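Below, chain A partners chain B and then partners chain C, in two separate complexes.
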Partner chain A sequence: MTAVELRSEPESRGDAVRGAGAARLPALALLAVAVLLCLLPQFGVEMPPALAAIPDRFILPWRQWAGEALTYVAKDSHIGPVMVSEITRGIAGVILQPMLLLQGLVSKGLTVGGVELPPLPWPSVMLASALLGLRFGSVRLALLTGGALLYAALFGLWDATMLTLASVLVSVAFGVLLGTWLGILAFRHPRVDRALQPLYDVMQTVPIFAYLVPILYLFGFGPVGAMMATVIYAMPPMARVTTLALRGVPASIGEAAAMAGCTRGQVMRLALLPSALPKMMIGVNQVLMLSLTMVIIASVIGADGLGAVVLKALQSLKIGRGLEAGLAIVLVAIALDRLGQAIAERRPQHRDAAGSRRWALAFAVALVLPCLLAPMIPALANWPADWSVSTASWWDARIAQMNLAFAGPLRELKTFAFLWLLRPTKLFFLAVPWIGAVTLVAALGLLLGGWRLALSCGLMMLFVAGCGFWEPAQLSLYLIAISVALALLIGMPLGLACAASPRFNAGMRVVLDTIQTLPSFVYLIPVIMLLGSGDFPALIAIVVYAVTPAVRFTADALRHVPGEIVEAARMSGASRWQNFGWVKVPLARPGLLLAVNQTVMMAFGMLVITALIGTKGLESDTLISLSKADPGRGIIAGAAMAFLAIIIDRLLRAAAGGQAARP
Partner chain B sequence: MSYRKFNTSWMKTLGAAALSATFLAAPQARAADAETASPVRIVVTGITDADFIANVFAGFLEQNGYKVERVKADYAAQFVGLEAGDMDFSTSIWDTSRDIMDAALATGKVQNMGSTGVKIREGWWYPLYVKELCPGLPDWKALLEPACVKALATVESAPKARFVEAPADWTTNNAARLEALKLPFVLEGTGTPAALHAAIVGAVQRKEPVIGWGFMPDWMTEQYPGEFVQFPHFEAACATDPKWGGNPDKVWDCDNPYGYVWKVANTKSEARLPRASRMLRLYHLTAADVAWGIRRVDVDGIESEKAAEEWLKAHPDLVADWAL
Partner chain C sequence: MSTTNRILLCDNVWKVYGPDADTFLSTREQPPSPEDLAAAGLLAAVRGVSLSISQGEIFVIMGLSGSGKSTLLRCMTRLVEPTAGSILLGGTNLLNATERQLMQIRREKMGMVFQNYALMPHLSALENVAFPLKVQGMKRAAREARAQQMLDLVGLGGRGRHYPHELSGGQQQRVGIARSLTLEPDIWFLDEPFSALDPLVRREMQDEFLRLQTLLRKTIVFVTHDFAEAVRLADRIAIMREGAVVQVATPEALVLAPADPYVSAFTRDIPRAQVVTARSAMDLGPDAAGSAGVAAAARVIDIAERVLAAEGPVAVLAEDGGVLGALSREAVIRLLLAQPHTRPAPVQ
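Right after this comes the complex of A and B.
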């Protein structure tokens, strides 16, 4: 999920802690009762069945209601005489145009005034992107942007890469614009902000399968439907970051602009947004990265491109080919990210007009010259097949070798993990009675935030327990709990190292970007070949993915500890370890809790993938609902997942201080 | 798509125009003209056998002057697209995914265009060497022997044996079958065909004992020597009447039914594409044709569209029948 700074307003923190102080004793007592209730089954105490799992006759027909509501919205809803789906499809038709234009330009060719034009030849695109790198960055950046495309051509992935590039660019542009707009709206109206926050949580935690059917109905099958699904998942960080960045702009800047006679819109456009831009770039980065993690899912609903290549290769276990295409996704992601950063960081320079004219000329030549030559030299129009290379068979042979050589030792590791970690935790979670879970959540809410938090979290947990998916919910939670613990155990020390050494940090950044954008199926399928499917590969998938925010946010939290305090502690005789344990960690506590929070969110986001390798929790219900034509099942299971994530998020935020005042 | 393709497709249009000018008198050609103006959208799912079936038909339409758009879609998600009219035809609907197919047909927006003629066989599949560990196979009773159960057990499934189950959204009836036939097995979930294949093929490459859900036509059962377990033959009563079969208290004490791969279409597409719809109804292959296609793609490593082209070229007489 989002790896975004959600650092909260510090001013509300003191009140929250004081407010919680009064209720401390009853809250602690309630907590003790809750823990006892949860642990009773472990000591062999039989709970009354009605307290262990809510009896069926008390379970409301949520599933049916949700299914009917969903079918209505997707297929029958009207505004006046006009079908809602006609309106949304009209919108989709508008959004499709820039997408078609870009796709036509780089990949499919365009028809202008009845004349069919071929797409830009590969040297045009490659040279232009290298020049962009050179213009805004350095020779290194030019090598990266040009090199990423050279890789695509070399491995016979040119067309797929161009299609992915086109759809990702449009998705990112759409996501950034929408996110900025919503962010501004939330900045101006705190009430809107409060309404949007839980919506964002839902957008980022509910697996796409739960709402795929309405998306496909409303926006059609193909690039626009895929883009909508991508934007739903990738946009929230942008909106959140925009609001936070605008709040961080000193009030004097806005006031100065207003006094100079700017209208409200001008103040935003000319003063506030430019000042907030550097901070907003992390939002752009996240939209980009998350859009690229969605290319596999997007390929499932009609978006052609690299995702489709990966998926098709893995369907018949051509792992080498899947890896080649997966690496192309990673390279495109890193190149776009670094280019975007270079553009945003560039200070306006007063170069002479002749200089920028030279650049414009260079771009024009790079774009046009290959177009003119292409009809005469076919190798320029199409990358010749015999220039392509493939390492696929080499990789396949390595995987087969590994399968023979490492399956034994790896299986011992798996056996150990299963017997001592997975099975006991699973049994523990499955034994927790619903009454214990609800009480525990409410007690923690009371302790950390107050009665409002207790009530809202308790009610959400009650829904999870009473919606008819209690056992799948426990299975999802068990997997999340183990993976988050492991991800933090691995990620936090790495984050520590990143904070300490800039060089380690630079290397780690490439690793993390790769992890975030390489489709996880590329490494999961070999793991399944070696170890079989089920919970163990699922655990690996979640841990690998959720380590990213653990590292990033830990490093970030430690880096922002004020240097003078650390220095003062050192001068007053604190040893290195004392300084770390007694000064740095307490000061970084809110940031570290944020790391935990984001790791949990990311883990929830990954459940959508584990459903595809055979886990049986809520995520599996959202997947099954699709093929059983039972949309209610998917929606309710998805809602239960979102509630679980929101409960954990709110409790952790309250623990970090700050958000506790929030309802 | 690229420059070269643009050239050829352009020439094709020119050629088609010239042809239709020559046969202006023929009403059929004119009808086809109106039809071929907009592209025919056909589902491809990225699964080798399904894509081969789709590409043979797509290639055939292209030979007949149609423009074809191959829409990439997930197997389950395609039904939404077919209902909404985002796709015209799908050529690979398995009998065993009845729930979603029936739901789509019930909306009245999707219609059944008949069988492809490709027979489906699916069930409990094992590589041949498993026979040595479980003497008596392919008869299902061999799976009850303790030695066989032990050989097929894993750390998660012990003391029972492990069965690599199909994705949870496929209708395998295995949970009921385990109960009805008292098979000491645990079903290990996979979530996608890719994971199912990976779990079985990984073990086969190591020559380890394994048993799981297999199906034909499919590249795995094509590429690795193996067999299906023989359960009591399916009869309709077995699925509904507990009294039927060896276990008087349970249903599904039998095999899954055999079936066909079906073709479906969006209901409105027939009005727009009457001739292409007729061709779709007449279109049929055999399981052997599909097996050939799978070998060409997954063993020889050529593109599915190319393999389909080859097949069309090699069977002009069969192909001509679909255009009658």
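Right after this comes the complex of A and C.
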């Protein structure tokens, strides 16, 4: 609800600018007071306890309310004569069917009419994937798609990989259907669009684990719950892209269809949607990648697949095994991403018509031939155990060796970071009184956007302070602050280099594209391997993950400074550095702030996952609420975290000028 | 002109954008001026347009961008809902038609060509042309056979399997034209069909268009911002400015007797000999030599060589062969040199 007002903030910026002269002084005064309030404890000034932390008796029992509300909805409420729980279980049942079908097809085997059918033999799946790569891309893509599966088979991860793929494909199908439907709805009714946009914003900032809690309640524990969470998490980009793509279709195409005598439905089905399809494929690809991320994380609530293998391996400290499975995730992610991109970039060619029958035949042969041969050649039905290799023990040995060799320096690094970076920052954040934090946010809102931004951000911060999770919130914020600072320190110079040198940029892009494809979960593996668990490894994981947008958006911002203006500055006799400091940076300011914003958002995304390696902030509360079946705790901690992210997002967007484009 | 069969009649058509535009219009006794509308926070795209279009004529709507010409065309097809007025197509008021009826009318009576071709990118040329038949549920074989005929008609028979992005602009618009003719419409709407093409191709497409029209004899409403194009193609031209029609006349009458300075500004660059007919250039009287005369409706540019080669003035003949007057070499030369014609234009 608060977010609805927030959306209109950029439009009201005109007022803010006009009022800037008058409003600036009080805003600056308020800012000074806020900074003072935040810093007082550092100078040993004792704050009245009620101002340092909201006293317990004023804290509303949000957590209990949320828990009770959810329990009521899930267990007792009904719409008419039908219990909500029956509806949700019904939906779960419907979704389960295609999931079981696909899982049976690729991994578990199917029973059709009393006859037990074995799953597709591995060569069928592998050949079909390679053919897909060949059909939509090139030989290289075919090697990638086929090779990723070959790797899985070779390392004894075939079943896990197939389960993961099945979950991803079914979630993508549902996510795409739901997203397309909502996208069409928003396209037809601008009012619906205005209502949905802020909802998507919130959905994409709520920590993943916080999704899982209510979903477990509503849809039950197990793969379906995991998949519902996946669909909800991955759907918003599809809906957004669908609306945008439909708006991008020239109006005359719809008119041409109407003039051909189409009904309203036919105009959409036969003309607009197919014309928008190439752009919508970008959305499909995003759903694909988000689904993969979520499916991996869903192993935390008991979904099978590659994520579960990694999780189990890490929990039992079998690092080598975790690394192998992690690499399988990486390969599957890259293969899916490249295949999705290749399909999205394809345009129909008139030569295709003749070839499509041949392709269909090739697919049929690839799928059926191994099925026919499998009963005679058992090696085709199941990957023979003695064909499998494992490098796990080799890795374990290397890592043990490495840990031994670097134990000293690593420990020193950890101690140093803890003493000089983590501990002081943590103490600083923990000492910040709630009154200072709320005032600071409100003052910044007033300064950057106007009173509406100040009010909404201030209220959100007040909720964070008063929801009973103030200390975890501070612990989350401190990690975010350090990691964002480090990510920017590393990323922005790299972005500068990218903008300056096309060759450096070309190399960097390959690296960034790959890094961006990987599910966040993967980042934890090498970090745990080398550093164990705790705040420091979490910090490293977040920095590595969040450095990508810092580099990319910085380079973009600088590259988009109009060349003519830079030339004009050079002709005015500006030196390189003058040109940079006085021309490029000021012109690129909105883009640079967007880079900061994206870095913060990515950092939040990764912070959530670091709960798995023992951080102590809000993220850990959402994770713990899963295992303790305490839905209120997860929901409120999740909401607090989403609010923190939204506050930073809105403030930075307002600073960037409000008009900065959404990524 | 007025005696022939009127097929499309627009009566006082308005299109006004803004909140409660229809109540604003209906409560006014006098038609509001653009200033009145602006004061009410409304924007008028079409202001009180009345037109009648006859069977088989090429009626061109000409105006600069923002003059409301495309909006008027879309009011005629009800792609845009007019705010007020009536539009009669063969006797039925389009504005009273239900969604279903309108769909039927479009299927049976109307065809439309768009400025940016508006081809569906996912369909081949053949499938694009067959689209209006597919919508009606015709079987694939039958509709593609018909579509192939249409592609042959526009000279693209061999490119049916190509996709729009594999065709040049001119070829794409040929597909667009074929598609708009698939359902054999009575009335053919063209919205700046050649504006996006480069000049050489535009010329070629105009010739193609005229060739098709001699074959098909459709009633045509053609929108353009190019006055030379309008003059070249039109039987009659309506000039629009700020949503209102300034003048409706034949190209010749527009050039010879522009209603106001706005219209005459357009006509300035048009070579006179291209629009003036023998009838308006001739001298009255019987002193013509011989019977080998020229047709009264012929444009001077087309008969100039014959008149200049002749010994004396050439007879101008009516359709029944009767002599109307004589065309002198001097009159022809004066027109070719683009001197303003001295004789008052005949009243149309």
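In this section, the second predicted complex is superposed on the first by the 466 of 663 C-alpha atoms of A that agree within 3 Å, B and C clash if a C-alpha of one lies under 4 Å from a C-alpha of the other, contacts with A are read in each partner's own complex, and residues count from 1 in each chain.
The working rule: contacts are C-beta pairs under 8 Å (C-beta built on N, C-alpha and C of every residue); 3 or more make two chains touch, one makes a residue touch a chain.
Predicted model only: the values in this text are computed from it and were never measured.
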Partner chain(s) touched by A:449 [first = chain B, second = chain C, both, neither]: neither
First (chain B), second (chain C), both or neither touched by A:258: second
First (chain B), second (chain C), both or neither touched by A:528: first
Touching partner for A:436 - first (chain B), second (chain C), both, neither: neither
Chain B versus chain C as contact partner of A:491, first or second or both or neither: neither
Partner contacting more residues of chain A (chain B vs chain C): B
Residues of chain A that touch chain C when the two form their complex: 250, 252-253, 255-264, 266, 270-271, 274-275, 277-278, 347-350, 353
Contact set on chain A toward chain B in their complex: 107-109, 116, 118-119, 121, 159, 212-213, 216-217, 220-222, 299-304, 308, 311-312, 314-317, 374, 378, 381-382, 400, 403-404, 407, 411, 414-415, 418-419, 521, 524-526, 528-534, 610-616, 620, 623-624, 626-629
In the complex with chain A, residue positions of chain C that touch it: 74, 77, 79, 99, 103-104, 106-107, 110-112, 114-124, 131-132, 134-136, 161-163, 165-166, 176, 179-180, 183, 189, 191
Residues of chain B that touch chain A when the two form their complex: 1-4, 6, 10, 46-48, 71-77, 79-81, 84, 86-87, 97, 99-100, 103-104, 154-156, 162, 164-165, 167-170, 188-199, 201-203, 205-206, 219, 297-298
